[in-house]
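You will see chain A twice below: alongside chain B first, and alongside chain C after that.
Let's turn to the complex of A and B:
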């Protein structure tokens, strides 16, 4: 039996129309509502693919305050997970990625009664502002082989390997698509462009069945929920939260306007006198003069 | 021990275990990628200032992994490295996170290399003081795993760096006392909106209850954020070959590797018209308008990052053609240098500007004179794109036909 874990995060909803800004253009965090992060949702889809195709069991974990439950519930709708785990403790507050990874490592270790997890999925990065470091750091602490930027994968259960496609895009360079093979267990950070495809009728039927089941389960998600504090996770309080974080946020400020050497001319488009020299200039450039 | 080290240890009453700035270099098909040279440039500027301020001789150390990479090393010296440590091995031909992490960690922990690159610190060196990676598909993950193994702190997506001495009072780090930290790397990170800067520090715990030392202070750097130094063929540096220990069973096998040309070619294109969330009032109509405008100019079309996340409902055709990652201009996409850049309904966040600021001429169309894009514009047309773009189309058509009539 294939055991799959997913680590997800409750995040501010940055999608159009849902973000609330302060008058100075900064994000109003209090007014912006929280949802299952979009990249976490993609990681959930990848786990669901394992369920449909390889009959995997799915366990979802998140580190966060009690309200992060709602993200677990949303993740269960997407995955029909048999287990939800909330890692929650006041001691975890203020963690940087290294201290977060410490918690998630032990959390993943407790999934499915400490049965070894074969594949863990994480999102590429939390909503646009975040780091993308949590996944690989958790992987490293777990001692799992880390595969980043994965856009597609399949599992060979007989040989106990995963075959994955990765997309690597470096600034100004052509795009690389790599096909790789790795023995399980692996930790996969799923690329935003990942889409699960169910080719056969039986896969589609199974997907529908599990989707219905997931929705139903999520209505009573607390039955599936386990809550862990630092003691239950056997964590050293010195290695989590603020005390366990090498980094601190020192200050937050508005980015001053960069000085540029452009002399800006502001044009009123309804005034033909200012517009026509500009049009002439544009035409010059178009004609390569 | 050299004279400068003596002076330092006397003035600080302690021996320093952490030295130098290590820059992890990335390359592709025999070429160092631009962000690596940009990091070297910034490292050079920082360490020149550092050495004169602290009266020391710490180095910019470039680290290169690969197969047949010796030929890249001289160039790294001319771009600012004092030393280059390279590991050449068949198994290092293509980037692979697990093995690359192990080799970089071996190099970072190796004090014997100091005998060659800085003998004055050979007996005291424990680890690098600072470490830079590129904030791209390779460096983002590599920095994470390397710093996890070295058990130290990491900040991502940095676009400004300062080294300074700071008085810190922190509940956990200093147990509420004010303590002076020396030679701290202030790592500035622009947030999601591009309007706020968060400064992140990686600090040792000096609280007696949780004493921990965190070095190197690591970060990943946004491509395009810094400038390389002028290439100087006379610069001298030490080049050291490192024989990595690759005995472990390799977990990842590369079965196949394809290089795909980017579908949109901004390099040969003289004019680029980009749009942002300002299309929101009527996305379908506005994209078509911009499409018409771009056709008229013979321009390629770019977008801002949020649009690649498909925030608006538009027809399948426009969606698959334009709302795609390949068209993003900025740190997460392409850096371009067209003759003319037209910015339609986009605000000019730092991450976007990093991709277009070298354009020869910039025209922006925007309703809001307070949008930062105004500072990057030669011409700022104030108004709604729904009104301005049709006027431009009409006027250009008119003038073009009158010119060609006259000249025929």
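Let's turn to the complex of A and C:
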């Protein structure tokens, strides 16, 4: 039996109509709806692929306040997870990525009655903070092989290995797709371009069945939910929350606006006179002039 | 290679019924549907009938999906009244033909396929799950091959798989028929062309306007000058909070006198009776050109938001469920909703210069070919181990006010399922065993009889209806005919004669311009009442109609024009409902992006459905 863990995050919904900003331009967290982060959702899809293709069991974990339950619920819809874990404790407040990784490491250790987790998936990054290093740090703490930017993978259950494709884009170089084989267990962060492909009838039928089951399970998600505080996770208070966070945020640099060398011109579509020069320009470009 | 007992290709009402029935017979079947979701590719008028026959079995929707169908399915309205309106300009002569509607009918519900089919799918897939089958959407079957004793199904999306038997339920433009050459492509004379728009109207207004009790509905057919001289007519069916307004014409008749399908709808809308039926109070924006572009945009956004809230509240207020707003605690009582609506309206008028005018609200434009079973039903609805059902088999009963395709497809589905189930039990899928057994079952269906013979009781009923027409001041020739109809004995003779002549001889007389255009026109002109409309509807242009449609664009065209200069292709410049054809020099070229997959051009092209998930996505159907 393949045991799969997924680490997810509740994030503000940045879509139009849901997000709200303070007058100084910062995010108004109280007014903004929270959802399962989009990168977390992609990690869930990868776990679901394991369920459909390799009959994996799925356990989902998140560190956060009690409302983070809602992200677990949404993740269960996507994965039909057998287990939902919320790591919640006041002591966790103010955690940086290292302290978070400490909680997640122990959390993952408690999944499926302390059965070993073969693959842990996490999102590539979060949309509300520069916390992309949480995944790698958790992997390091767990002692798992870490594979980042994974765009596709398959598992050879007989040999106990994963064969993964990684997208490597280094500045100034062509994009490289690296195929890599690693024995389990592994920690995988999933690239945003990942798509699950179910290309046999049986896989499609299984996917449908699990989707339906996932929706049904999520209606009573509390039955699947376990809440852990620092004690239950056997955590040392010095290594979590603010005390466990060596990071000092000195200053967050606003990304400078790149200087554009393109000019924008607003064209009134109701006025044919302004349209004809535009068309002339398009023709010029198409002709390569 | 994966192997399955039975594959059903196509998840319209016929295919879904087959899946449900086969599963209920404890067989494992998979259904493959090209649309991303069930119901997004299907179009109907439509009234779903449940029928009875004193002598022979009919398999109705409730036999397949449960006796509580009427109480649990997302049906629109129980059709209680049926009218035929003859039109001549602003004159209308109305005949009550409810008796024809009730003939051998258990019930007839107005339906929208994008609501009904997903419900059928849910029940079918629950049954299929139990036997290891199910529904797979977003997959397009592209080929079927027989290699040695294996039947292999190929798709654009999945690895090929093997099956023992197939039900082809892939609709009027069946690719399975094309792949297997089980039948020829339908000819223009063998099909109808249907085009439709969905019109939004609040629930309570529909009931008041059409004099309906709650959850009951009426159906209206139109013939006469609104046909623009084509064989066929218009229809208007009341749904719960929409109206289905459309037209069905013989494709041959459209080819000999091409008119854009959009125009066929527009003449209906302009008819004063219909204008009044669809009328609603609609907000009309006022663009303030004095403002800067930026301010205009701001105003536009605010107005959009207000209009959205106004509409949502108003449709809810005028519906049976208006109490929900009170129960949810949003409002303390119904009057408060009313005053909120009024206050938003006043804001729109006062602050933004929005006017409230009489007009109508169109939601969706759709089109599809319909097989005329009388002319094109497959005599042998099978090929090797494939059984054809519903539109794919060219089956449907369309004669005068009789418009029945949905119920026929459901009946076929049960018969095909029985045949396949028997074959699975005896492990014999030879066409001589399975196919011919299915053929015999289909031949036992009363619907097959209706497609081959004139139903004399129905004809008698029809003649009974027209006999009541007053003869004063009518065209002498028509008056003689009608006078003769008053005579019971003559009516009997007429029915007998029709039976002796049979469909082949009678059809050209019955389905002619004379009956669909001239006679109704004359009746309306001489006997009709003048109807006036209180406003002139502002009809969307075709581009506006297309802009409202939802598509998942396919980069590759699914249609290939074979002869770019044929007379047929030239006519498609007018006949394609979404204007996909145009001239490039003397060649007719296709821009497939706006295609609604109606099939009208299939006769002169290499025609396929788009790949899985691609193409049109209907929201009402």
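We adopt the following convention: the second predicted complex is superposed on the first by the 243 of 289 C-alpha atoms of A that agree within 3 Å, B and C clash if a C-alpha of one lies under 4 Å from a C-alpha of the other, contacts with A are read in each partner's own complex, and residues count from 1 in each chain.
Everything that follows uses one rule, which is that contacts are C-beta pairs under 8 Å (C-beta built on N, C-alpha and C of every residue); 3 or more make two chains touch, one makes a residue touch a chain.
Keep in mind it's a predicted model, so treat the numbers as computed, not measured.
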item: First, second, both or neither for A:209, with chain B first and chain C second; value: second
item: Chain B versus chain C as contact partner of A:199, first or second or both or neither; value: second
item: Which superposed partner A:276 touches (first chain B, second chain C, both, neither); value: first
item: Touching partner for A:251 - first (chain B), second (chain C), both, neither; value: first
item: Which superposed partner A:113 touches (first chain B, second chain C, both, neither); value: neither
item: Superposition-derived comparison: chain B or chain C, residues of chain A touched; value: B
item: First (chain B), second (chain C), both or neither touched by A:66; value: neither
item: First (chain B), second (chain C), both or neither touched by A:268; value: both
item: Which of chain B and chain C A:177 touches, first, second, both or neither; value: first
item: Chain C-contacting residues of chain A that also contact chain B; value: 266, 268
item: Residues of chain B defined as touching chain A within the complex; value: 26, 28, 33-35, 94-95, 97-98, 101, 136-138, 140-141, 143-145, 147-149, 151-157, 166, 170-173, 186, 190-203, 205, 207, 209-210, 212, 214, 223-224, 251-262, 270-271, 277, 280, 297-298, 305-306, 309, 311-312, 325, 331, 334-335, 339-340, 350, 353, 357, 361-363, 369, 372, 374-383, 387-388, 391-392, 395-396, 399-400, 403
item: Residues of chain A that touch chain B when the two form their complex; value: 14-16, 21, 24-27, 38, 96-98, 101, 127-129, 131-133, 135-137, 139-141, 145-149, 163, 167-183, 189, 192-193, 238, 242-243, 245-255, 257-260, 262-270, 275-276, 278-283, 285-286, 288
item: Of chain A, residues touching chain C in the complex; value: 199-202, 204-205, 208-209, 266, 268
item: Of chain C, residues touching chain A in the complex; value: 2, 4, 30, 125, 129, 132-136, 139, 157-159, 161, 293
